[in-house]
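Look at the two complexes coming up: chain A is in both, with chain B in one and chain C in the other.
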Partner chain A sequence: MSQRRGPLEATLAFLDFFAAVLRCLVTGPHFWLETLRTMDILMRRCLIPVGLAVAPVGAVIALQGVGVFRMFGVEGLLSSMLATAIFRQYSPALASVMVAAQAGSSIAARIGTMKVRGQIDALAVMSVDPLRYVVVPGFIACLIIAPLLNVLTTALGLVSGWFFAVVLARVDHGAFVDNLYSQVTVTDLWIGLAKCTLFGGAIGLIAGFAGLRTVGGAAGVGRAANSTVVTTIIMILVIDYFISLLLLWLGV
Partner chain B sequence: MPEPITAPAIELDGVSKAFGANKVLDDVSLTVRHGSIMVMLGPSGTGKSVLLRCLVGLLRPDAGRVLVYGEDVAALDESRPRDRARLFALRRRFGMLFQDGALFDDMDVGDNVAFPMRMHTDLSEAQIRAKVADKLRRVGLSGVERKAPSELSGGMRKRVAFARAIALEPDIVLCDEPSSGLDPVMSATLDELILELHRTLGMTFIVISHDTAEAKKIADTIGLLASGKLVTYGPAADVFAEGQPALRQFFERSTEGPIRVL
Partner chain C sequence: MSFVWFVRHALVAQFSRLPPAEQFLRHAVDAGVGSVALLTLLIFFAGMSLAVQGYGAFVRMGGQEFLGLFCGIGGVRELFPVMAAIVCGARIGANLAASLANMQISEQIEALSVMGIDPMRYLVAPRLWAVVFTMPLLCAYADVVGLSASYFAAVVQLGVDQGTFSAQLREIIRWQDLAVGVGKGVAFGWLVAIIACYHGYRAAKQEGAAGVGVATNRAIVHSTVVCIVLNMILSAILYA
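Here is the complex of A and B:
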């Protein structure tokens, strides 16, 4: 459309879009097969980058911590700091950011390509609601894979921290394992998973919105993918900050 | 025996559509009889595709009514849930061949043609495969089921898209320039197919074309759209006999006449 698109118009359109997606979620028909297919594609796209991104983080935390902890002679406590940092902060944020970078861009690009090539219109004319057939599956897929990846990043982060601390920096293995769970609770894990689900859903939603609004051929598809990644990563980091503040204030 | 349908398939009443300052359709009114073939001619950029998009509610006109078997598509607002459901239901009566095909890139040809059947029927996979093979045979493309759309020529993609458009044997088939990009023989084959479907299944066709020979061959009704206005509209025989200047220019491929390009 050639109407003017200010930030206000975009916000209102997004709220409309959100409401329409929610309506599609609560009423049928659902395209579960398409949802599974989307999950499979996105999982493949995310696994390796997520692994590569999180592995060094555990090592870096261990690297920085080990000197300080050694100074005070409590290097056995290194693992509890590592676990706290990874469970609460790094893992959920990293998993979400990677889902934004990989899954968000891929969803926006796919839907954007379908849009500029007239395939979204073709779906609509064949009485298949594009919201149900392409947007909702992407939304649900992100909602599910983000927490799944969070489990993976948590495990990988701990393993890489263990590898650095125990194998390379010669911290005692028994002390490492004993103290691993002294500071973290099951609540931390749930909070991490909940944050990832929230971010994942937001990524799927924003990617679908940007994809459906794509105009202007291949360049437009690039813009849609790019704006999805930038918007969602900023959103994740900002909201993550406020959630941490809130949790601190609540004393969780 | 079902009652014969006497209501018009399509009725446009004072339809206007502008994009910003660009007035694309200007007060267009016309009627398409159920079971007829209407061919809309006109130079490119005059709003023929926009007209088709208004028929299926992909675009909403700024003014006027778009009646499909008596129901006003233009009154349906896609952002209202009930209207949206109604719009998607109404579209079941249509099959549409888009100007550039609009096949799904991530599906092979067979899945593209099968798509509407998988979505809207309970046919078994074997039945669907048989129907897909039949539709592809009709458009002269037997055996290409496993090919990706990107492996086909533009003309072949168009024929696959036509096969997809008629897959559910809809009441009304909209064809946006089915013959452009096809060689004369293939184009004539497609015309024969339209006539056959029209004869055997009583489908209503709305065909956009640049090809005056095609119009002569298949049209019951001919329209000429120029600069957003419906210059001529009526039974094919009358329109040809009348010798309307713009239409004559179109048929004679002349630069002289009411249609101005430069």
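Here is the complex of A and C:
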């Protein structure tokens, strides 16, 4: 498998890969212990970067919003905008981007290293399917940790927004809390979680694909990690746009 | 080798003498021109999403005529510079880290020192200058593309009144805002480059190919987190 054969070949190979992963998911054997181990490692690695990246966003929204809402004398509505933006939009998108940066690149680098060292071939020789043992656990792990992290980052974003608005900018605490849930519904939380699950699964797939296609030694490992992150960020933004257009059109 | 030690030596190497023009140009073209296509694609979708989501949020409160205000403040002041920094970290930073780590594990950096060439001056300084020079340009470009995309989504797709939208943009966006965005670009560029060079430079030789992967991963994650946190601090100082 060479890396440079044009986008059409890559797309076809990716679809092929996707079908193979789906087949592995449906049929046994499953390596559940390996899946749990991967989830444990990725969760530990992602927790701090994802939290640190998403928490400032709540503060920035509050900080820029407070001036504008004051201009129109509707400070109280600040929290409804903050909650809508965080629940629906910024928490899922940014959490997924950070999961791509941390978990995606580390999965791609790990699989790429195994490929370059011939360990993938060694697994196949021992009649352990590398797809089942290496790729599928990463895929399942990303699928599960992305929405879990989204719950955390949603809470963090709201807290940091509250801190900035109420503690630093002196918006009334009662008005902030009263309006917080006036615009968001449980549907918004589900939409955020569904988006994160979709993006997380795609991150795991793309990382596994890029890792298995690594060629060219140590430099190739860096390229695999890099291309995973770039591809997934593009995918997240593009899909996110179409989802929000669809939701607007459906009136959800 | 600590980060402080690395920054001190990199600063000395960066400012003691300007890098050779040819090296600087090569890295600047690689970082700048190489990122334009990716940045255009991402910022275009980010700008359109901003307008669509803002519209969705404002429709609930019945204030869709304030979309121009929202896109101006949210986009030019915050979203476009940060997105440019994330793209820069993911592409330029990861490339720098991977190439330096590759040189480190194949002992090319040691070979340079043996030949009496300071790797800081020969490898790190031109890269730092190149990224610091290209990032503000990319940020300015991101503002243009992002605003056009927001305008397109708001006026063409969502049917917001064109006059209101552009009047609000003109009212809320001042030259200072654009200058702040470009200034943020300088800071983001330097930070991304120094973090990427640091992780590439200290890649562990005995780990081989795995070391390159670790360096790339850390460069992407650390530079993204640092840029987002720095953006919050800068915004809090400038706008609060």
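As a working rule, the second predicted complex is superposed on the first by the 248 of 252 C-alpha atoms of A that agree within 3 Å, B and C clash if a C-alpha of one lies under 4 Å from a C-alpha of the other, contacts with A are read in each partner's own complex, and residues count from 1 in each chain.
Note that in this section a contact is a pair of C-beta atoms (placed from the backbone, for glycine too) under 8 Å apart; a residue touches a chain by one contact, two chains touch by 3 or more.
Values in this document were obtained by computation on a predicted structure and should not be read as measured data.
Participant: Thinking of the overlay built on chain A, is A:Thr113 touched by chain B (first), by chain C (second), by both, or by neither?
Facilitator: In the superposed model, A:Thr113 contacts both chain B and chain C.
Participant: Who does A:Val167 touch here: chain B (first), chain C (second), both, or neither?
Facilitator: Touch partners of A:Val167: none, neither chain B nor chain C.
Participant: For the overlaid complexes, name the partner, chain B or chain C, with more touching residues on chain A.
Facilitator: Comparing chain B with chain C, the partner touching more chain A residues is C.
Participant: Give one of first, second, both or neither to describe whether A:Leu36 is in contact with chain B, with chain C, with both, or with none.
Facilitator: A:Leu36: touches no partner chain.
Participant: Could you tell me if A:Val177 is touching chain B, chain C, both of them or neither one (first, second, both, neither)?
Facilitator: neither
Participant: With both complexes superposed on chain A, which partner does A:Tyr241 reach: first (chain B), second (chain C), both or neither?
Facilitator: It touches chain C, and chain B stays clear.
Participant: Does chain B (first) or chain C (second) touch A:Asp16, or do both, or does neither?
Facilitator: first
Participant: Between chain B (first) and chain C (second), which does A:Ala124 come into contact with in this model arrangement: first, second, both, or neither?
Facilitator: first
Participant: Using the superposition described at the top, list the residues of chain A that contact chain B and also contact chain C.
Facilitator: 113, 117
Participant: Touching chain B in the complex: which residues of chain A?
Facilitator: Chain A reaches chain B through residues 1-2, 16, 20, 23, 113-114, 117-119, 121-122, 124-129.
Participant: Could you pull out which chain B residues touch chain A in their complex?
Facilitator: The touching residues are 19-20, 53, 56, 58, 79, 81, 84, 88-89, 91-92, 94, 96, 98, 100, 102-105, 115-116, 119-120.
Participant: Which residues of chain C touch chain A in the complex?
Facilitator: Touching chain A from chain C are residues 38, 41-42, 45-46, 48-49, 52-53, 55-57, 60-61, 69, 73-74, 77-78, 86-87, 89-91, 94-95, 97-99, 101-102, 105-106, 157, 208-217, 220-221, 224-225, 228-229, 231-232, 235-236, 239-240.
Participant: Taking the touch rule as given, give the residues of chain A at its contact with chain C in the complex, in rising order.
Facilitator: So the residues of chain A touching chain C come out as 49, 52-53, 56-57, 59-60, 63-64, 67-68, 77, 80-81, 84-85, 88-89, 97-98, 101-102, 105-106, 108-110, 112-113, 116-117, 164, 168-169, 183, 217-226, 229-230, 233-234, 237-238, 240-241, 244-245, 247-248.
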